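Paired with chain B in one complex and with chain C in the other, chain A is shared by the two complexes that follow.
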Partner chain A sequence: MRASSRRVRLGAAALAAGAAALLFLALLPGPERRVYAGSTPAASQSPADEQEYASPLEILLSPDGTRLYVLCQQSEDVRVLDTGSYEVIGTVAVGRVPRGMALSRAGDRLFVTNSWDDTVSVIDTRTLTVAATWPVGLEPSGVVEDAAGKHVFVANRISSDIAVLDARTGAEEKRLLAGRGASYLTLSPDGARVYATHIYPNLPPLRTGLENRTPPESEITVIDARSSEVVDRIPLHSIAGVFHLAVSANGRLGVVAEFHPKNLVPLAHLEHGGAFAYTLTLFGADVGKPVEIPLDELDRYASQPFGVAIAPDGSRLYVTLGGSESVLAVDVPRLLRFIHTRPRPESGSFAQDLSASGNYGSARIPVGHNPRGLALSGDGHKLFVANRLDDTISVIDTSTLRVATTIALAGPKTVSALRRGEQTFYSAHYSFQGQISCSSCHIDSTFDALTWNLEPNGFGRDIVDNKLLEDIKDTAPYKWNGGNPNVPTECGPRTEKYFWRSENYDARTLTDLAFYVLSLPSRPNRWRQPSGELTAAQERGKSLFERTADKFGNPIPLENRCNNCHSGPKGTNQKLFDVGTRKTTDNPGPLKSAPLTNIALTAPYLHDGSARTLEEIWTIYNPEDKHGRTNDLTKDELNDLIEYLRTR
Partner chain B sequence: MRFPLAALSIAAPVALMLCPVCGLTQNAERAAPPDFIVTAAPAYVPLAELHGQERFPKGAQLLLVHAGKAEPLVTGFRASADANVSFNGETVLFAGKRSAGDPWQIWELALKDHSVRQVMVTATDAERPLYLPGGRMVWAQRTPAGFQLQSGEDGHPTPEFLNPTAGPGMLPLAYTRSSTFPADVLRDGRILFEAGFPLGNGSTPELYLVYADGSGEESVRCDHGRPRWGGTQLASGDVVFTHGTTLARFTSAMAHEELIQAPRGNYAGAIAETASGAWLVSARTATDARYAIKMWTPGSAGMDTVLARSGEDLVEPVLVAPRTRPNRHPSGLHPWDYANLLALDARVSRDGDVKGKPVSVRLEAQDAAGHAIAMGTAPVEQDGSFFVKVPADRPIRFELLDFKGTVLRQEHGWLWARGGEQRICVGCHAGPERASENRVPAVLLRTTEPVDLTGNKSVAAAPGGN
Partner chain C sequence: MKTIADERRFAMALLAVAFFVAGARSGFAQATQHHPHVASTAAAVPQMPRFRFENYTTANGLPANHVYAVLVDGARIWAGTDDGLGLYEDGKWKTYSTKDGLAHRAVLSLALDKRTGDVWAGTMGGLSRISGGRIVSYTQLNSGLSNNVVYGVSVEGENVWVATASGACRLNLHTGEWSLYNERNTPMREIWVYGVSATATKVYFAVWGSGLLEFNQKTERWDLYDDPDGETELVLFKDQGLIHDIVSSVSYVDGIVWASTYFGDSRYDGRYWHNFLTKDSGLPSNFTNYVKGVDANHAWFCTDKGLAYYDGANWAVYTRSLTSHKPAMTVRDAKGNVTEIPVTSGPAHNYILGIDFQGSDIWVATADGLSHGVLQQ
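Right, the complex of A and B next:
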């Protein structure tokens, strides 16, 4: 009797508790689900830890919405996921360091650019195999096929142009000049236009003597998709770093994500947008003249916008914030109301108003480390976000603006020191109010082609060119004045005080960061022949580089020979010299001989970025032959010297 | 008969679990209010100290409220107030007087055994202590010019940082001839403080910010007007404060305050945010009533009284719980006895662009007696920029002059710059929402030497060390 009664009581209690718990769960906001695409954590622990990280960079949905294509840059493959189960349907290996991806309109072919191979992989989406590999230009990045299936457009980052390929054969038909560091392409929904953006500012076309003190200029290159001709260049004033672009379904609104640096103002503090504004430029019939709008707030920055997508009904747009580790949702009707009701500044930019975004920003959704590419489902209900440094995909429910599911891609489940260092490099978490990270200026772990005025050296003094980070191991000391003996010093106290202006990482994180920075390899040098032999011009240039006497037979002092200061495998003897390039606004002291790694890519030149080209180093800034004996050289000989330097 | 009751006894707690999602949070909080500390006082005069008076003229006592029951936090003190719980939730800084004739001093209590130590000894009142990261604290120290922000070590061993914030030792953080009181330490490491507006000569309570080395002083927002005081930063980053006798907030996206639609009442001073998002507030229903501690869930219509005491006002609720440590500010001050200020465009102002063309800027500094001393003028460039070297650690202000020397605009109050500070102003009173434009100011294309307005020969600048 008592046992029976207890059973009854327990049963009733269980029923009540169960019902209440069910109700409780039902009333909670949808909990985030975590699914594993390709492996479970337990199963993958040992063998997968030997794999490469996936590093998903871009994602696409198939036209019918059943497949998610994930471009994994580090594992160098495309993973195809079923959008119902998030199971991996297939994995297709592609070339080195893939960067861009696009589907043909029918969805039967997937084009993937392999940025280190200078090729495009053409994947047959029915068989999930590479059907063809096309050679293209230097460092292909963005890719898109036109609506007619006639041409494939490829943005080449190094050659700063757009290759127009025959869509059937891959044969290149023409090149179109784009902005410097051409990288991202978008086809308008009506198929009429291809829009191209670029990550480095264009070099000033005219010599003024103040090239390094003038605002950067970028552009959206507008191409007629049918005639394959450039029909417009929408100027982006004061912008350096332009990323993805989206056009609304009705074609009336174009949006591009971009960086608006403050490199010309002394970097004395970060408050009030002291280092960067992160903005969108809007264009199209909905806005009239292009207009720039900020994403930042007074006390919280929208660091490093990258991907952008517009909801099918045009109600919202979404922007991934690579440094802020979140996705920003923008209310488009409110945004348009703001643009049309606020007096528009003469500059066409609201970037100076940090309170502007309060008029249209609707939510900031935390996601994983370094979110990059994003894709909206056809109905606009799901937003897929590639978290590059987490190896995950966040699936955001756009009705709740919360992450509903996180898809973990197969790969190592432990975070290595190198990975932690890379996460730190790209995270704005450490800087004051989350404004900047290393990657704000070292875009994609490279550079930004800008000169900066750092505060400690004096306002308006010691203007410094930002340098490439590739292959900097064993090139200490660092900084142009050689003031930092090693990378931990460069990235530690100095960065905390004069860049982040906020509490820095702990010692372990700093070690990881330094490890990552010192691990960055040099990308393939495109001016070297595959055979390793030099061309005739390069050989002549090499002779000039190594010469010990000038053309008149006069011996060149050791300290004035190119290959003395720029000796060794990385083109630096790591010593300091006065080569006569200091300006009156520079503090006294010698300058470090700069490494020559991939020197062809890194204009402008000299410590303060005053030389737009390699040639200007000698034709303008070496009047007394202090920076090597060069004034006896002809134009052709300087060309030869440059041809050789490009191979370094 | 027994089984429905038994079932109910199990279902009831489950139902309580549901409360947060059913909008019944208040009930749940009422059932288990978090532990907190509050100041109880027979008489409470808000803002009296800004005007040199005593907030608690009849004394005050800190109470620890656990499970709804209040007990004295400390014994052996004639008066105690201004509790601030450490980041790890283990100790409490407070201001206390052992006897009525003592000045307020800074003490620290260990919560585990309620042992008390005096953190430091000062000759005058020391109040409103707040923990700073990096083993330091900030408080208000009475001086001949009113209460002033000071910082010093909190007496706890700290890990060695790559770059200590400031110090060691005592460091004044405010350099104005009017009272300043710390209100909170924001997550970004800046100290939120109260002072009159305009700073240095005004009497309307206003909220300001300063870095932990005394640099970067500025208003939180520039929509000045009604009194703002008692600011607290929430987990969201918003700063909630008392606006007159109601509540308002600063939110990151907006350049102006936003009124909070809270239940009718008179609110006083800082609030405390609980883990559930509810707020502990000090409020009273009528001006002749006593302040009580109430719990309110933002968005809800009513609020519950958590603690009320006959004949006493209860103010300054502080949660007894660990909390997120703010960022430490890495001081980048140079070893100079002056500061450099660069205005990007002095014509730009929240008050509207200046009428007339400014051709020069005049600097005034206050001497020890509070008199304004003209320090000289510097040219203003065509683009509105100027670059000056100014005396450090004392009140200064600027006036824009036209070619006749007529004052076109002058600052409302006084500001200061720390020794070794290099600071950029987007405009004159441009507001924190105004970001800089990316261009080289004309003055820096003409010269990189600031016009010396210090009135004395300064120590030469040390070489840069970035």
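Right, the complex of A and C next:
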């Protein structure tokens, strides 16, 4: 993804158009203007450069408000813009697939997490160079420095923990248990607390046999910034997918953007509101006990809230809606009035009340494709929004609630088929009332760790585990029952007619979408050693995976060997089998051997998500050895087998 | 666990002895005058810590009276009972049960991750991590844990070391990898591992019937220390090795191993062994459930006949009369002179299962209540 040149480029035509537009718009008050964020026209553009999109994901303002830092995930750099001219004044290359960033309180250091490198780049903002690169946990995402400048906290998505680093040296002091898929961090304005959220629900703590039919549970992890210990966990019932969190300047109101999936009722009932509510959970002194409020309207969903910011005077809060391609402005006084005057449900959630948002929604402001991070100017007059799939920044005038300026980041001027496919993947435009898109369940193009009731054949029937979308090319057929022969069928007729219940894709859109889905790579496997060699335990596990006879010397039938069904580089022979895991509530028929790509990440397991861990696949759900001959194994050997599987 | 405050209190105690020897009058001196069987020379009685015991039972909020383990985390006290995990904080008890995600109601062992504040609880049904009020449980079915009966747990860096009824394990919190240790890959002859004490350099396992197992973290080499007399209850070779192969717990502190067995206790400095039996020490019983070293020279022994403290030369024993349940304290000096010390309170029960330190105070797990020993002198 990294380009050979990190300079910001600007086509001459674009520059001319931009200059003309600037001149014209500067003379006129009024609607949106478009500017191009480039330092100089780039004479060195090449066809290869043309394909390098920036994909701005997060955005920050310097403490003095003169600089805008834009984290560009696809070009793997941070672009620094002058907030007066929107010119790029510097570009700093960082690591692979950066995901989060934060400024030190003084603004002299910018921390950037590199999610595929498991590192943090520490950028000196005076020189705009990377001063240090610190190793952290698995898939670092959110990052924040404490107010005292003693510690840097890093949320690690795969290891589901928060690394506490010495802010001076980067040395890791400890890791705190966070929610599963720990991703976003926020420091309270008084510096006393760090709040952490996570994108996958926590695994059910108790084995009840109904884990896959239990509503998800998530949390806001509350850390004492001074002692660096977890002091509270605010429960988020029925929530899976928790994103950015903001706290008001006076510290009295906390707000977190989240998904409230309705995964245990048939998704085919989309027209009955059967897929998601998109909500905020509010907490703090202004609301008392935490309360969940919906952002959706009666006939228009607020799909995939991601970024959230609260105006300095506390009058409004803003939420980016990644799937609705807009920003929602919420009137905070009206919202608080609603909360305090409406009888609060016992659950603390108004999520089922689609009329609620009419009481506090101020406006929905259209922006670009897949808006994500946002930042408010110090006076609250300007709101900057990163449109990830447009390579633009929308600058919203908060007095008019309209986009005043759109800053185009340098990059390709055309939209490739791949980018069109990605835009479709993230857009809720196609579904009934704009409720869902592919990315509602495949968060960040991966998965959501949920089991879903997809079929219309009755509540609780045919629950299926959502699969990871990584490296799925050449693993057809698709679906757990192998019912779809290829991705266009999976994404096309099945999705558009069955899930969307609305608009069909045209041929090109479907082709582009399938192209995008099939292009999704596998992220680096964290359990493989850099040398490529297996550890002793992994080596022993590999031998078990490949064995042809059990421990008693009895031959294992071909169809009962691990490496028969899970053969090949992706761990599937693409055939259907009965491995004894079907339940009475499942539709009859065999199941497809699932690919093993990054299997360590994708709990729960089995077609219906009934196994919370890899171990449970065999300790609980393989009593008759139908899912491989495993009941002759000792506990040590089963552990070895799992250690090997985690390298796949 | 010994703190500066501890050292100061003990120093003060020693100072008090000096005053005592110099002829200062004390209640203790008066008391000895009324007990002709005690040591003849009051001045020779070593000053040992005295406590006022405050006992907790279900009557004042403890989840259950049978307390297997106790853990001190600053002002917070955790009690592993046979019906839940109790947390005493701000004068109130809170109980964590299986409904909260605890692996099993019977909590056998406890360990604190001092860096994060997380508490690890070994139960009869798995291993639980209590973190900021959330409980994550590992069992032999849902994880690599070797067995659900977790007798001991110890946290060292990113590793959690676990003693189970089917060998020992190590969970690496960074990678999630479980490593199992048993008769197949260590010198362990039996696999009932009753206790574990882990440090960055060495990890010791108390193995029921298989002595003491040492794992060198640097060399990854295993060593087995067992009873040179074999599994007999005879002691043919005193101080030539571990006192007995049935080891119930181990505490590794300041480079010294303290090991308890059901047939006496041992101290090992890496070169020499020193063993303790009732016949030649102040131990009230050879049947010791648990030992916890304060440092290289001080340790507490939890026996079936009371709680014993050893200061490197002298012993103090805190008990209750088996018949009258009257509290009692005795001090045995290095020469074997035993002095009874009058006390008004004692541990809740003689069957002692665990101990932890809170500054100069002690918290004691017994078969019939939890005791807080508030240091008086």
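To be clear about the criterion, the second predicted complex is superposed on the first by the 602 of 648 C-alpha atoms of A that agree within 3 Å, B and C clash if a C-alpha of one lies under 4 Å from a C-alpha of the other, contacts with A are read in each partner's own complex, and residues count from 1 in each chain.
By definition in this document, contacts are C-beta pairs under 8 Å (C-beta built on N, C-alpha and C of every residue); 3 or more make two chains touch, one makes a residue touch a chain.
The structure displayed is predicted, hence computed values, not measured ones.
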Problem set entry | Partner chain(s) touched by A:Pro555 [first = chain B, second = chain C, both, neither] | neither
Check the residue A:Arg612 against both partner chains and state whether it touches chain B (first), chain C (second), both, or neither. second
Q) Is A:Pro493 contacted by the first partner chain B, the second partner chain C, both or neither? A) first
- In the overlay, answer first, second, both or neither for which of chain B and chain C A:Pro333 touches. neither
Is A:Ile620 contacted by the first partner chain B, the second partner chain C, both or neither?
second
Task: First, second, both or neither for A:Ile642, with chain B first and chain C second - done: second
Both partners, chain B and chain C, contact chain A at residues none
Contacts from chain A onto chain B in the complex sit at residues 5, 8-9, 12-13, 15-17, 19-21, 23-24, 27-28, 210, 213, 215, 238, 260-266, 268-269, 271-274, 277, 294, 296-300, 351-355, 357-358, 361, 432-433, 453-462, 479, 483, 492-494, 496-498, 500-504, 585, 587
The residues of chain C that touch chain A in their complex are 98, 100-101, 115-118, 129, 131-137, 139-144, 146-147, 158, 166, 173-180, 182, 184-185
Note: in the complex, chain A contacts chain C through residues 137, 159, 161, 173-177, 202, 205-207, 219, 221-222, 227, 229-233, 527, 537, 600, 612-613, 615-616, 619-620, 634-636, 638-639, 642-643
Given the complex, residues on chain B that touch chain A span 2-4, 6-8, 10-11, 14-15, 17-18, 21-22, 133, 162-163, 188-189, 216, 237, 251-256, 327-332, 334, 340, 342, 344, 387, 422-424, 426, 432-441, 444-445, 447-448, 450, 461, 463-466
